[in-house]
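So that we are looking at the same thing, I have put the structure below in structure tokens.
Chain IDs A, B, C and D follow the sequence of writing; residue 1 opens each chain.
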Amino acid sequence: MIKVAVVGGTGYTGVELLRLLALHPEVELRAVTSRSEAGTQVSDLFPSLRGYVDLAFSEPDMAMLGGCDLVFFATPNGVAMTLAADLLARGVRLIDLAADFRLRDAAQWEQWYGVPHACPDLLAQAVYGLPEVNRGRIAEARLVANPGCYPTAVQLGLLPLVESARVDTETLIADCKSGVSGAGRGASVVTLLAEAGENFKAYGVAGHRHLPEIHQELSLAAGKPVGLTFVPHLTPMIRGIHATLYARSVQGAGEVQALFAERYADEPFVDVLPPGSHPETRSVKGANDCRIAVHALDDGHTLVILSVIDNLVKGAAGQAVQNMNIMFGYDERSGLRLPGLIP
Amino acid sequence: MIKVAVVGGTGYTGVELLRLLALHPEVELRAVTSRSEAGTQVSDLFPSLRGYVDLAFSEPDMAMLGGCDLVFFATPNGVAMTLAADLLARGVRLIDLAADFRLRDAAQWEQWYGVPHACPDLLAQAVYGLPEVNRGRIAEARLVANPGCYPTAVQLGLLPLVESARVDTETLIADCKSGVSGAGRGASVVTLLAEAGENFKAYGVAGHRHLPEIHQELSLAAGKPVGLTFVPHLTPMIRGIHATLYARSVQGAGEVQALFAERYADEPFVDVLPPGSHPETRSVKGANDCRIAVHALDDGHTLVILSVIDNLVKGAAGQAVQNMNIMFGYDERSGLRLPGLIP
Amino acid sequence: MIKVAVVGGTGYTGVELLRLLALHPEVELRAVTSRSEAGTQVSDLFPSLRGYVDLAFSEPDMAMLGGCDLVFFATPNGVAMTLAADLLARGVRLIDLAADFRLRDAAQWEQWYGVPHACPDLLAQAVYGLPEVNRGRIAEARLVANPGCYPTAVQLGLLPLVESARVDTETLIADCKSGVSGAGRGASVVTLLAEAGENFKAYGVAGHRHLPEIHQELSLAAGKPVGLTFVPHLTPMIRGIHATLYARSVQGAGEVQALFAERYADEPFVDVLPPGSHPETRSVKGANDCRIAVHALDDGHTLVILSVIDNLVKGAAGQAVQNMNIMFGYDERSGLRLPGLIP
Amino acid sequence: MIKVAVVGGTGYTGVELLRLLALHPEVELRAVTSRSEAGTQVSDLFPSLRGYVDLAFSEPDMAMLGGCDLVFFATPNGVAMTLAADLLARGVRLIDLAADFRLRDAAQWEQWYGVPHACPDLLAQAVYGLPEVNRGRIAEARLVANPGCYPTAVQLGLLPLVESARVDTETLIADCKSGVSGAGRGASVVTLLAEAGENFKAYGVAGHRHLPEIHQELSLAAGKPVGLTFVPHLTPMIRGIHATLYARSVQGAGEVQALFAERYADEPFVDVLPPGSHPETRSVKGANDCRIAVHALDDGHTLVILSVIDNLVKGAAGQAVQNMNIMFGYDERSGLRLPGLIP
């Protein structure tokens, strides 16, 4: 059993994290903090947790947080970086579900997030929490930067190709579609049901914060800078990301299915589908799986990879729990044996 | 041709009103005002109107508004009452799509809307704009209070029964379901797609602002105070209201179908369906129709009336245009010959 | 550990049952039968179950089924009754998720379901599987008739009132709204997304198969025949039932909250919300809970009860697992400790 | 006034065509045929048309159809080709909303549609009904092949680039997303709300019937065969297509905005948005417009074009009416002055 706290539990990644932690056999949930909701029962805000989480939101209290083994930050971007150094100094391990520690370059962080980074010196020790790439380092990490949702779906779909130099890494395209929960639980016009329902649109074509993150990690995998076009779209559903990935093979398209099958053979949460498949986002609704299908087109060089995740699970809270399991030596699937909810 | 302005055109009733006015052969749209969006092209906020509305939002200007034949208020509650006296004095006729002039009793208005009424003296001359009841008075009106969406669906479903004293008016029940556009275009959490999608709930069981409006009008129709239970629900769609109405017959349930057919025989926008029907809200999506089905149950005394409208059309902007047509002597269906959009 | 088979696992109650059984610590799933899909891997039809159910659909085989401790029927109405006698004779216990054993009166069954009952002699020994009423009898039962979805939501919302004779049982009204998964996974026009999406409608006002079931059970609870008006509606979402129940108090409306709280104090899956609440269907999405709110209106006699379930869980597969737990002496919540999926 | 009939009016393109024809000032609708629904009032099947279409579905009658000026085929693929020769011989002009006359090569037709073409000799005289390319020929045509929905969105988004040889035509990518109404009104499992709702998936990656159509027309525009990757996706909404198009500039990406603006300057239904825009499918819901945004990425060679239509309007029935207007010399916008329905 480890003592765990969640800082900022009022958003969608927060409530999803609480759902998963409530089912985890090794977790003792000590606190869920929220300045705005301090004093409110967690289950009053989220009645789905009645009977599962018997805590009130509390003000962040460094002494209390400092007594935990692990603190999750499910806060907006820019919060974790203000508290991380203090908590690390107290011996607490951290998983940040926001973007504060995802980029290695503080200048780049400032460019995309609009404020200076509060603790650039910690960036070097932060481990990018994609278990399929960094499992060993995550096990030792004090500070894990949980990947973004789009970056998770895109990287898992492209990694085998990029790592093996099977494709032209200058002309990668990631056409991505997300449910609206990715936009968070804040009041807004653009994600009202009356705006986002019965509607489909692209956004951020000129640039999206997840682009530098994907670029950084794929470039590491490629051993050189990659060229990636990333176009996100808003789709009228709540959960789910579908990445449609286009790449040009440089060695013929054959054997790509086998390449993916081998790359992910031992991965508990990456499921390579049989040839010809079209994964559905709902097959991973509420589940920590990433499902991938590989299509080599008849032209002999175009590869189309389809990659789906639940943005709140493998794209956020589930991956965070997976990272926790790795960090503390638990079965990596502990608390995450949950099939997708169909229909 | 009449000169028309819309005050407050940035919400859902506003944009729907603009869509309808753009198609109306007798309307010259002179201005669309919005303090918050002044200077913005209307079609930048609502690209669906590109090519149809070539105006920028403007600051409300009493001189300009005063030069119009008709001003619509598509503003939040409490705005029209602050400008109405001035505009009426300038000879302009007004249709308020909000609630400011719906209740005859200023004290009751204050109780439900939380602020004193700004011009209680005008309440007596305001005409409640339900054409099926007040057509003659609307034609003469200077100031029309356009009915609420729920009140329109409920009244049209109950009026024939209440007017004819065919039912026990003490035990009326209106179980109503609305799409989320009824909640407006303001940023909010509760009507986010991720909150209101894949979800159904009641709200306001203890009391909703549309209850006194329905109560007032049905009591007028009955000639005595009625007893009505009104439960609104939020349903995961954008447009549409479905009222399921329960009444106990005091004269046997027979001939109720004929009663409705006769009551609405000459109404251009009330469509009584054949016996045994179940009207769908989508049959009136984008249309000004109210479709009604009448069910007399086998127990011999229970009547179930099903009444559907598009909350933004017959429940708001369409009814306002219908009232305009009546006020200015146009064909009542002018600009409103629009079948529902199916699918 | 018990040996379990599912007959007819290709529908929505089937796949939901498989999801729950896959997580149950005491269940060894031996077979999932389907004539139409025999030979197909279950996880090919339902990729969400990849890694959780490693079986192919098989032809129903009485010898194999006869070797199980428990067989679930997740078949269409009319199938279980043709196999039940044989399986019971082999010592197998049965839970039928369809309607074959819900009505005590074979003539009434034939009237509503259109075919003669195949084994009317078994009706007397079938136990209606609503644990909140029949827990003791379920524990002993060989044959459990799992309740319908609407009946579960309506009964749990009305039972405290009917059992205590607190309301006029002649004028009960159940205005119910269901997601489309209740209509099943068969190809149809009426539940296409393009038909049922962005649409709301009533159906079956003149009579629905769940009415005699509700009537039978509430009359048993009341000790006399009740008078109930039941109007089901189709709402544009996948899962969830919301029952809005109207009753007239005969003893004053006070203390009704306490009545519900006491009635369900020891029930693991009935959650009575604080006064003034409006339960959301999504709070029970994927969960076996029924959430109830009680409203006593200001008129002093009208009670409005709001009751929500997931039609596929507490309204079908979850309740079936709950019944299984009771029948085999397991913790009633075993395998059902699953919070609702929000958002 | 022209005499018009619709063959096969029970599907989604049929009902949409009827909605538009009912509003058209120059059309006398003489018949709507359907073998399966013969005798049923059109407005019984589609209550939205009550008061607008006062006809019953009838059996196809060649004498009656032969007396019309124009017959629309809103039938499944393979029907129009069996009747076209006879009707043309009777002097009737035809618009086929299905695929029978879209491909010039009968062998290719057979390959993709699985049956031999019934009248390959007519293919040469059929005019592909994309007004933005073939306006002059449409005006003279006896037989118009109305384009598919995906092909319309893709071609309008790529034509300016392909015609001007501004891009590498070997590496075009069309990542397309469609609402489910594109799949038609037939009973099916895959487009049930409970299957297609809250879900996103690709389909037909290995090959889709719209690919040869797009390929044929873009190759004509390019003057040489193009290389196009086309991936369609099903998105959980009813109406709308969003095409995200990727092309590599061969002359630098500058001035592409102007290129599109000039190409479509005189087109009544193609709306090129200001730079930086992201068109929403809902902006064209129920409207005949195609809205396009052009993005030239910072890398200096990647172009991303976003193109949206309503699949049932500009992608089917609206474009058919536009073609009719051209064929009979009416104002091209007649009956099509309908802004999108927002929200």
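Criterion: a contact is a pair of C-beta atoms (placed from the backbone, for glycine too) under 8 Å apart; a residue touches a chain by one contact, two chains touch by 3 or more.
This is a predicted model, so every value here is computed, not measured.
J.: Can you tell me which chain lies farthest from chain B, using the average of the Cα atoms as each chain's centre?
T.: So the farthest one, by centre of C-alpha atoms, is A.
J.: Given the two chain pairs B-C and B-D, which is bridged by the higher number of C-beta pairs in contact?
T.: Contact tally favours B-C.
J.: Which whole number of Å gives the spacing of the CA centres of chain C and chain D?
T.: Roughly 45 Å, centre to centre.
J.: At what distance in angstrom does the C-alpha mean of chain D lie from that of chain B?
T.: It comes to 36 Å between the two C-alpha centres.
J.: Rounded to a whole Å, what is the gap between the Cα centroids of chain B and chain C?
T.: The computed centroid separation for chain B versus chain C comes out at 39 Å.
J.: What positions in chain C touch 2 or more of the other chains?
T.: Within chain C, the residues that touch at least two other chains are 12, 179, 181, 185, 194-195, 197-198, 236-239, 279-280, 282, 285, 343.
J.: Residue numbers of chain D touching chain C in their complex, please.
T.: Contact set of chain D toward chain C: 12, 179-181, 183, 185-189, 191-198, 236-238.
J.: Can you list the residues on chain B that touch chain D in the complex?
T.: Against chain D, the touching part of chain B is residues 12, 15-16, 19, 22-23, 46-52, 181, 185, 197-198, 238-239, 271, 273, 279-280, 282-287, 289, 291, 312, 337-343.
J.: Provide the residue numbers of chain B that touch chain C in the complex, in ascending order.
T.: Chain B reaches chain C through residues 171, 173, 175, 177, 179, 194-195, 197-203, 205-207, 227, 229, 231, 233, 235-240, 242, 244, 246, 248, 276, 278-282, 285, 295, 297-299, 302, 304, 306, 308, 343.
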